[in-house]
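Both complexes below contain subunit A, partnered by subunit B and then by subunit C.
Right after this comes the complex of A and B.
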C-alpha cells in the first residue's frame, strides 16, 4: 500500500473540517534527569478526548545516550524498494553504524493504530569529505566543535526489539545543542533532498540523541505501539491530533522535525502559503501536506541560522499588533518595527498554541490573542506545558505553580548549564532565576528575567523597555 | 450564644443531617461514565437535598450539566475538566482546586465556587447563576454574558483576568477584586497586589503597579456592568465604553452585594489585609456609553 492510498484509507470520515482541538503536552527536566516515555503516554491519554484518533506522536530527547554522538535518523518507508533507495543514498554520505526497524509492538486488533508503513531507524556517522551532490558536502563541518563531550562512549545499541535505557536512570543528557553551522545546513539539505526526491521515503527526525515517534492513531496507542516505555529522556513532547483541513496520514502526524527541532501544534495557520514561499527562498521545502511543518522550518531559520533569541523569534511568529508597537518607547518601537518588517512573511496568522523543542530547550508559545488553550506548570526541576492542567496533574499531582501564559509570550525551559551556552536573550526556567524574580523588586528587568517570562510583551505593561529586545 | 443564633445553628445541623451524601472516586472513569454515575445516584434521592463528593478528578468534562433542577451540591477534588457546569441549571458546584476552560459556559441558574483559579472563557454566554473564583481567570471570561428580566448572572473574581475580559458583554455583573489571590506568571513569580498600605488612588493616576493588565478589556461591551478594584490601565478601553470611579460600596448596591457574597463564600480564606482592601477600594465601574454604543461603528 502506498502512502497515497494510506492517506485515503486513514481519513474515511471526510471530517477534515471538523472543529475541535488537538491536545499538546511537553515536559523538560532541567537537571537532565531522564523520564520514562510512559509519562508522555499517560499525559496524552488524559487528553484523549481532544483528538479523534487520526494522529498521535511524541518526541523524546536524550533517548539514545549509547549513541549520543551519532545522527539518529527515523524514517517511514512505503516498501523495501524505498528502503533500498534510501540506504543507497545514505551510504554515499554516511557510515551506517546501525540500521534496524524501529522497535514496535504488533498492532492489536481494535487498536486505533492501523496499517503502519515500514518504520526504520539509522544511526549515522558522517563521512567527512564525501560529496553528495555538486556544490553540497555533507559532513564537511565535522570536527569543528559540534561534538564536545556529550554522552557516554558509543555502544552498539541494543538491537531490535529494545529501547535505549528505560526507567528514571542516570543523569545522562547527551544534549547536542550546537551543531556546526555548515554541517547543520548540509543536514537540512540532505533531509529536504530525501523528502522531495526519494519516492516513498519520509524523514520523521534526523538529529543526535533524539527521535520522533508518530503515526495515525490515538497518541496513547501510538506510544504503546512504539514501545515508548522502553525509552527515557530528559524532555518529551506529545500530540493528539484532530485534523482540520489536511489529510490524516503517518507523515502528517505531529511532531514535525528538522535537525533537532520538533514542533507540536494545536490550531491552524492561515498564513501557510505566505510562510511557505518565504521559507522556500531559504531552502526549506514543505513536503508533508500540513501547515505545522512551516513552524519547524521557521524556528530553524530564525533561531539557528539567524541567531534570534527565543523571545525575538516569538515577536516574529506571534508579532504584537502595530497598535501596541506604536505605544512603545522609540527604541523598542524601532526594533520591533524592524523585526516585523524583515520577517513579515513569517508571522503565523491564525489561532495556535505550539510547543517547539530542540536539544536542551522547550518553548511554549500561543498566538497573540491566545485563541488556543495553553497551561504551564512548574514542579521542582520540571517545567510542563499542556493544553489542559489535568494532563499535567495526572503525571505530577503536586505542582509548585500553575499559570496560563499570555499569547505571544514564550514559556521557556532549558537544561541547567545550557542557559549560558545556549541562545542569548532567553533564559532557563531555572530555580535560580525564579528565586531572583521572587526576591527582587518588580523593576528587575535584566535581559534574563524580562526575556523568558511573560513580562516581555508590550501590551499594557509600563516597564516595557528597549533592553528587552536584545540588539 | 443568643437564642436566635442557637436556633439557627440547630436548624443548620438538622439540615446537614438530612442531606444524603455520596462519595465517588473519579479515577479511571471517563466523562460519560462519571456523569451518569452521579446522575443515577442524584435521581434516586427523589428531589431531596443531596451532596456528592467526587475525588481524583482527572479532566472529566461537563460536570453538573445533566443535573438540571436537582437541589444537589457537588464537592469536586482533583482537576475537573472543561465546561464544568455548562448549562448549569440549579445545582451548586464547589471546586476545591483549579478549574479548566469554560467554567459555567451558558449557565442559567445555580452557583459555582472555585477555590483556585479558572481557565479561559469562564462564564461564557452565562445568562444567570453565580460564579465565585478565588484566584484568577484566563482569557475571555464573561464573553457575551447576558441578562433578561430577573435573570442576571454574577461573576466575582478574587484576583485578576487576562485579555478580553467582558468581551461583547451584554448583561450581568462581573467583578475583579485584585486581591492577588491568583498565581503569578511563572515559577516563583508573585501575583501583583496592593501592598495594603501604599497609596492607591485609582487606575488613571497610575501610582502603583498595575494589578489588572487586561488588553481589550470590555471590547464590544454593550450591556451589564464590570467593576474593578485596584490599579489598571484605562487606555485599553474603546471609546464606546466608559469608566467611572465608584464613590463608595454603599453608593453602589450591585457591587456591595457582589463583594458581600464573595466575602461570605470565602470567609475562611480572606485575611485582614484583603478585607481591608475590599472595604477601601478604590473601585471602578465600566459600562457601555448609552444603549447602542456601536450604532455608528461602521457609518
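Right after this comes the complex of A and C.
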C-alpha cells in the first residue's frame, strides 16, 4: 500500500491521529497448552457493545506449530495484481515454503463483516546469503511524508542493508529475542517497505508461529469469518473497535503488529505528538497516525532494542508519580529518576489500557491514573486480561483470582520456560510494594500480578484445549 | 572644514542645546485631593516634583517625567494621574513621532540613543496566534485539584538509552529466554547520567547582573528561586558573597568580560552558563560606566573601583565553534563534570544551525533569547531591529535538533518576553524544556516598563544604582511577590495541562499537535510546525 493510500484509508480527514475506543481481551496459558481460538471469539462477543462494528481483530500465538520455524506473513491485497507484486518482492529475499489464501468462511447474511479484501498468507524461509538489495529504498520510504513532508534524512535505511540469511529457524515458542537484532531490523524495514511502497498490499503480521486476523466488522463476526475455531494457540488477544474519525478499512483494525509484537489498545494518548517525535529520532516513523502504532514502537524500542525488562518498560510508559518516587529509598528513587529522565518523552499520557503481546509473553498495562477499564484474572495456568470481567467470566466462570490492577502496574503472563523472574506463590503485600520492588530488586521481581499467580494448579475448564481443535 | 566642531566643542561654546521635545507625559495633580504632603517629591527619582516655597505648593516639572508611576502609586490621596501627552504632530505614516523624537534627541546629543527593557515594537507576537487544545469526550480531562499534575523538569543532556553496555553484555550471554530479565543492578545507575538541574516548575529567572540590578533585587530573585524549587541566573556581573548561600538555586554566567569568575564562582553554582549573546542586543557587548562601579560592585566584578566595566562584543577566546567547545570543556573540567554547562545565544537568523553547533560542541543546555528579551541598557536601534522572535527560533531549533537526532543531548531554555503562563505552556508545546522570565519578574516587583533602567534611577529600586533608591525594594516582600507569581503561573499551567488530559508536563513537550494557529500565514505555520485552527 503506498503511503498515500495508507493515509487516505487510515486518516481520511487528516486529523492529528485516528481516534478510537474499544474492548480488549487477552489470555495466555503459561504451561503452553494451546487454546482453541473460539475462546477469544466468545470473550469478544461479550464485549460487543464496546465496539461499533467498524473493526475487530485477533492475534494468536503458537498457532502454526507445523510451520513454527517459518516466518508467517499475513497480508491483505486489493487484487491479484497486488499479489503478483508482493510475490515478486518476496521471492527476492525469501524462499516461499507455502502460499495460500487465508481460510475463511463466506460472509453470512446479516454478518457485520464488510467487503473483505483478498487475504493471503505466506510461510517464508529467509534466503541465506542474499543481502537486501535496495536497503536504502526502504529508509527513504520511511522518511517521506514525515512532519509535513520534510527531510529525507530521516530515513533509517542507511546502513541497514543486512542479509536475511541469519534467521535460521528457532524454538517453536519464539521470542523477539530469538531474532538477531540485525535480522529483526531488516524484517521491520522489509514490512515497512511493503506497507508503504507496494500499491494495494498491507501486511497484518509477519513473525514466526503467530498471526493477526482482523477486519471490518464486529470481532465475533471477524473471528467467525477467519475460522479461528480451526486454530489453537497458547496465547490470544482480541479487540473490538469504535473509531471516530477513520473510514473502516481492514488494515486499520487492531491488533497492530511489528515483528512478533502485537498491540491492542483502548484509549487516546494525549502525549502522542511527544511520543511520536521521540520515536522518530530512533528511526520509527508513525505513518498510520494511531496511538497503537506509537505503543508498539515504544515497546519495541524499550524491550527489544534497549533490553529493558517488562517492569522497567512499564515504569517508563506509565511512570509512577514523582510524589511516589520521592518517597522511595535512595536506590529505587535514583533508578526511577534515571528512567523517567531518559525516557520522559515516552511516558504515555492520557487514558489507555493496552495489551502488548510477543512470543511467550502477555503484558497488560493501564495508564497511571487508571482512566480506562482493565481487569485481570487467573485460573490455573491461565492469565486473563480484559476491559471487563464479563469477557473473562463468559469463557472461564471459575476463576482463582480476579483483580483490578493499579494504574501503571503491568500484568505479565509468561510461558513457563521463559520466566526467569517471578516469585511463584508469593503474593506481594500490595501493588505499591511490588512497584517499589520492581525498581529496587533486579532479578527477583516482576509485577505483583505475576507474583500472585500460583505456579501449579489444576487446569480450569478443559473445553478450550487443543484436543478440541476441529478438523 | 576648519570650522567644523565636534559635539563636545560645540557644547563648550554654546552650552547644551535647547531640547525641541515636548514632555512625553503629563503629570496631573487633582488640587482637591492633594494634601501637599510631598510624598511624590521624595518618591520621584527623576526630579519631577518639587515644592514651590513661594506658592507653598507642590508642583511638577513634567518634561522630566518618564512615566514610571511611582508617585501616582504612592500618593496617599490618589491625587496624581500620569498620562501620555496627547499633543500631536501632523500625522505621518512614515515619519512617526518616535522617529521624530529620536532624531531631535540625537541632534542634541550626537549620541547613540540608549534604552532599557525589551523591544516594544509591534512585531507579531506568535503566542497570541496560537491556541491550545482541550479534551472533550474521546478522552477525559484531568482535574488538577484532585489528581497529581507534574511540572517537574530536568535540564541537562540525556543519553539516548539507559546504559547500553550492560544490555549488550546481557545479550552476549546468549540467554535463550528474553535477555531482559537478568540485567545486573548496575544497569540503571544515576551516576551514568550527565549532570542536570531539577526544576519543580518550568520557569526560571533570567540572567540579570548585579550592577544592572540592585543587590536587593538579586536577593529577592534568589530567595524566590529557592522557595519555588527553581533557579535564578546571576548574569555577568559576578556573584556577591552574601548571596552565595543560595548556591543550589543559582546559575552563574561566564560572559565576555569574565567578571567575578573564579573557581569558587563556578563550583558553588548549580549550573554554569556561557553568555554569547542576549536577545535585546545580539552581537554587541556591554558597558557599565565607571560612576556605577562602586566598591561592592567592583569587588563582586573583580575590577578596580570607578573603572568602566566593559564586556567585549565577542568572547576574545571564542572566534568559532571549536573555540566554544574548548571553553565548554574548560568549564566542565573546572567543575569536575559535576555541573551542566549552558550556552546562551540571541535568536538570530541562523539560530537552528548555531544551536546544532552548540549541541555538538558539548553544551548540556542551550538558552535562546528572542528579540523581545529585556536588557538593562542597550542601543535602541539594536534592541528594536536585530534578532528574531523567540517563537520562530524555538520551533526552528527544536525541529533541527530532532532532525539531526541530537535533541536528547541538550535541553532548550527559551527567553524573551514571556508575559503569562499561556506563553510558557505554548513554548513547552513548541519544544522548550523551560523558560527564563526577566521582565515579568520585574513587573511583579513593581516595574512599570518605563525603559529607564540604564539611567540607574529606577524609582522602584530594581535597577537602581543609588543605594538609597535600591533600599526601596524590600527583598523579602519582593520575593513574596515573585513566589506568588511563580505559584500562580504554575497553577494555571496545571489547569491547562489537565484540560488537555495530560498530567505530566513532559508529555506536552514538543507536542505541537496540541497547538493550532489563527491568523498566520502558511509559511509561519510551517516554521512553527502547527496546523491552522479547524485543520
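Please note the rule applied: the second predicted complex is superposed on the first by the 348 of 471 C-alpha atoms of A that agree within 3 Å, B and C clash if a C-alpha of one lies under 4 Å from a C-alpha of the other, contacts with A are read in each partner's own complex, and residues count from 1 in each chain.
Note that in this section contacts are C-beta pairs under 8 Å (C-beta built on N, C-alpha and C of every residue); 3 or more make two chains touch, one makes a residue touch a chain.
All values derive from a computational prediction rather than experimental measurement.
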Which holds for A:383: it touches subunit B only (first), subunit C only (second), both, or neither? first
Per the contact definition in the header, classify A:407: touching subunit B only (first), subunit C only (second), both, or neither. first
Of the partners subunit B and subunit C, which touch A:349 in the superposed model: first, second, both, neither? second
When the two structures are overlaid on chain A, which partner does A:393 contact: first (subunit B), second (subunit C), both, or neither? first
Contacts of A:108 with subunit B and subunit C, given as first, second, both or neither: neither
Does the superposition put A:337 against subunit B (first), subunit C (second), both, or neither? second
Is A:369 touching anything from subunit B or subunit C once the two structures are fitted on A? First, second, both or neither. both
Comparing the two partners subunit B and subunit C, which touches a greater set of residues in subunit A: C
Look at A:46 in the shared chain and tell me whether it touches subunit B only, subunit C only, both, or neither; answer first, second, both or neither. first
With both complexes overlaid on chain A, does A:322 touch subunit B (first), subunit C (second), both or neither? second
Residue overlap on subunit A between the subunit B interface and the subunit C interface 369, 442
Quick one: which bits of subunit B touch subunit A in the complex? Just the residue numbers, please. 31, 57-59, 61, 78-79, 81-82, 98, 100-101, 117, 119-120, 136, 138-139, 162-164, 183-190, 192, 206, 209-210, 213-216, 233, 235-236
Residue ranges of subunit A touching subunit B (in the complex, touch as defined): 46-47, 49, 324, 369-370, 373, 375-376, 378, 383, 388-391, 393-394, 400-407, 411, 429, 431, 433-435, 437-438, 442, 452-455, 459-462
Quick one: in the complex, what on subunit C touches subunit A? 135, 138-140, 142, 147-148, 150, 152, 154, 158-162, 164, 167, 170-171, 175-185, 187-190, 192-193, 196, 399, 402-403, 405, 407-408, 500-504, 506-514, 526, 529, 531, 535
Can you tell me which positions in subunit A touch subunit C when the two form their complex? 14, 16-17, 19, 21, 147-148, 150-151, 153-154, 171, 175-177, 181, 244, 267-268, 270-274, 277, 280-282, 303, 305-310, 312, 319, 321-323, 334-335, 337-339, 341-345, 347-351, 360-361, 368-369, 371, 417-421, 442-443
